[in-house]
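First chain written, first letter: the chains are A, B, C and D, and each begins at residue 1.
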Amino acid sequence: MDKTVPDLAAAIAGIDDGMTLMIGGFGGAGAPIELIHALIDRFKATGRPGNLTLINNNAGNGRIGIAAMIDAGMVSKMVCSFPRSSDPRAFTEKYLAGEIALELVPQGTLAERIRAGGAGIPAFYTPTSFGTDLAAGKPTAEFEGRMYVEERWLKADAALLKAERADTMGNLTYRKAARNFSPLMAAAARLTIVQASEVVAPGEIDPEQVITPGIFVTRVVVVPAPQQEEALIRVGAAYQ
Amino acid sequence: MSKLSNAQIAWRAAQDIEDGAYVNLGIGFPEMVAKFQPPGRQAIFHTENGILNFGESPAEGEEDWDLINAGKKAVTLRPGAAFFHHADSFAMVRGGHLDVAILGTYEVAENGDLANWSTGPKGVPAVGGAMDLVHGAKRVAVITDHVTKDGRPKLVKRCSLPLTGVGCVTRVYSSLAVIDIEAGRFVLREKLAGMSIDELQAVTGAELLVTANVGDLVTPEL
Amino acid sequence: MSKLSNAQIAWRAAQDIEDGAYVNLGIGFPEMVAKFQPPGRQAIFHTENGILNFGESPAEGEEDWDLINAGKKAVTLRPGAAFFHHADSFAMVRGGHLDVAILGTYEVAENGDLANWSTGPKGVPAVGGAMDLVHGAKRVAVITDHVTKDGRPKLVKRCSLPLTGVGCVTRVYSSLAVIDIEAGRFVLREKLAGMSIDELQAVTGAELLVTANVGDLVTPEL
Amino acid sequence: MDKTVPDLAAAIAGIDDGMTLMIGGFGGAGAPIELIHALIDRFKATGRPGNLTLINNNAGNGRIGIAAMIDAGMVSKMVCSFPRSSDPRAFTEKYLAGEIALELVPQGTLAERIRAGGAGIPAFYTPTSFGTDLAAGKPTAEFEGRMYVEERWLKADAALLKAERADTMGNLTYRKAARNFSPLMAAAARLTIVQASEVVAPGEIDPEQVITPGIFVTRVVVVPAPQQEEALIRVGAAYQ
């Protein structure tokens, strides 16, 4: 079994119009910049994939990564908790012009809905958002004297993730707080695509230190010195 | 009437497991399936208590009792193994991440219902992971003798014993036949060459749908 | 009218954090609370994006952008830190494992309702972890100016802005007073010494319950 | 902050009559034998704690650990998935005599209910057990054309757990498959009590390799060469 693919283009094969994509990362930590930019390259060359729904904590920053996807016109909807950043103009402009939809989800509910998608839990109850506008229209129920909101699982056609180390069977580790949503998204997507800084042989990651077991991973591509979104934004980078 | 040995049933089930498949084998008889992986194929075995890619039992005296499978047997690790906690383990099960689960059974019904955890209200009930395993795996297969020790059909119209799961089984590997469950019917795929369809039907508790493509169920001597 | 600076409000809030408490400080102004831990006490700070026991910001140029807090600021680790994924992080929040969450606010009502995420339908809405943080922490406190920039009360009878959470706030540290929320009432605990209760009531949007034990709100110059 | 306590007696302080206890381990892997036996010692000396509800995957094996608690008459109810073992007589005898109650829970549902207890999720839906006797009386609901059973969280007054390594702040690692239910139970109990083979200073466990963050742990006691339940059973050990 070898889940590695030779290049970024092979990694993103099969991502097509109208799909829902989960994209790892919280701010710049864990953002799979190279995978995202490969998808933009394909869109610019072929006009696909467009009309995408993206699931991420944020809605892009500056003119790279998710923001560059939005600028390119690939994204029709964002599902996120915080569509703001130091430079949110890509999303903000399209949102205020009515050209992109937004499903705003509290951050913990977003994480739990993704976790539920991967774990085969179609719905769960959370105290979060009870009595607020974000619970409007959702079923509620009382348990042990307290009110809760019913939330549904989130799944995706594909997930784009950034890992630190992968083995060829898809077992993953992450770097520091770049972990964030990625282990959850790996389980919640039909096609889980990972860029890793290093790919090693099976057995070279201690089985007790695997964060994402390979069962959740479809493809691995090595990107030896990945770009860091926050560092790119601080130098004013744009991907066009 | 000749029939397959347990090892031959396990062998037949093993032939359908693709290279690289993620597989959970139920405690007991189903564990035998691991021995018969075809050359060149390697499945990755999952155990409910939190290991992916475990291997064979260690030699006696070499056991590490913190490294066990769901049946509490000592196992070993293959390269590329991973440990995880029970909630993550059953996220793999319930979340549809396993390709195949192979279980033993008391009864299996033509509507896919499975009864394999309780023989009734006597004694101490115990379910373990059986009710979870029947949900989520892309293929849920059972391996079983075609009939009980006293000759009654184990493939039935409706289960009489307490259910493990509703409409969950997709394939039955029995001591006499390979049968798919499709649209609430037993569909015969393979049978022992020396047995007529009428003979097979006579020991089966629900009607067998026979298509043009019934193959011979052939296994090595084991 | 004299009032506390933001640093003084943060200092006062910090005095109530016990040694060893697990604490989440909201993005922005609440982050300042960390600077004022009393000598001999050390809280363990949680950030939504998956770190326990992070420390101060690194020197400029020393940032590691994979080591950030929920506000996307670079942080450092203290000995005994741990990383975890977002679902585990919010299990800590929602599951009642944090001792204290300290948040900023637009409005806080006498019934404990909090409004701190949206000033209305204009612009791009963003909620982040605020709606989760108000549930689960054993104490949910807000730090805030007592009135808005144009002089209207931020402590109100009922919130007029979209709610973050219902009945969730237990203590308010304002620029003028420390007020508990108990049984749907603002209970005055401390006020600036130079201010009468009538003066404080005049800038508060709901009735203050005054018990015998109102203390002076005293802070160092900061 | 130092969560270590000097001895087993101090570790189990506060566990009292009628409490619900989660006990880590799957079979012998992860069973906190020394903590359990300390509790039995206290019961024999003082008559408390009795009338306990225990949550564990199994219901004891042989004449040690949970089985010895049952034999001693401390346990009024077991919540478990598989009350059988190589030598289940402690539970079996009391159960058949009507002297101990049993709540039988499918293993994955047991894990998820405990996880929900720690995560503040009062209820969730699972396909597991739908249409079976174990779903009798439980609410059901349809999501996306499939039927699910509503299950409630499980919480406990205390958890007794076995870790491999702990730091003084309560960050934990586990040994191999001894991990099993313990990280879930650590979060679901009000009082989480851990025996660790080794206790180290904060910083000596890599933050990326912490399995149970210290926030979930109340007390740590060092038990340098812990007994392994399965090994004890194989030599016929009894704790009386």
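Everything that follows uses one rule, which is that a residue touches a chain if its C-beta (ideal position, glycine included) is under 8 Å from a C-beta of that chain, and two chains touch if they have at least 3 such contacts.
None of these values were measured; they are calculated from a predicted model.
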Chain pair showing more contacts of the two, C-D and B-D: B-D
Please flag the chain sitting at the greatest distance from chain C, going by CA centroids. B
Counting in whole Å, what is the centre-to-centre distance of chain C and chain D, each centre being its mean C-alpha position? 36
Would you kindly tell me how far, in whole Å, the mean C-alpha position of chain C lies from that of chain A? 30
CA centroid of chain B to CA centroid of chain C, Å: 56
What are the residue numbers in chain D that touch two or more other chains? 112, 115, 119-121, 126-127, 174, 176, 207-208, 211
Flagged in chain B as touching 2+ other chains are 51, 83-84, 87, 90, 93-94, 135-136
Which word fits the touch map of the chains here: line, ring, star, complete or other? other
Each pair of chains that touches, named by its two labels: A-B, A-C, A-D, B-D, C-D
Once bound in the complex, which stretches of chain C touch chain A? 47-51, 64-68, 72, 83-87, 89-90, 93-94, 113, 118, 123-132, 135-136, 162-166
Please output the residues of chain D touching chain C within their complex, sorted ascending. 1, 115, 117-121, 167-169, 171, 187, 201-203, 207-208, 210, 213-216
Listed in rising order, chain D residues that touch chain A in their complex are 112, 116, 119-127, 141, 143-144, 146, 148, 152, 173-174, 176, 207-209, 211
Can you check the complex and tell me which residues of chain D touch chain B? 26-30, 57, 81-86, 88, 91-92, 95-96, 102, 104-112, 114-115, 126-134, 147, 174-184, 211, 228-231
List of chain B residues in touch with chain A within their complex: 19-20, 22, 42, 44, 46, 51-53, 77-84, 87-88, 90-98, 135-136
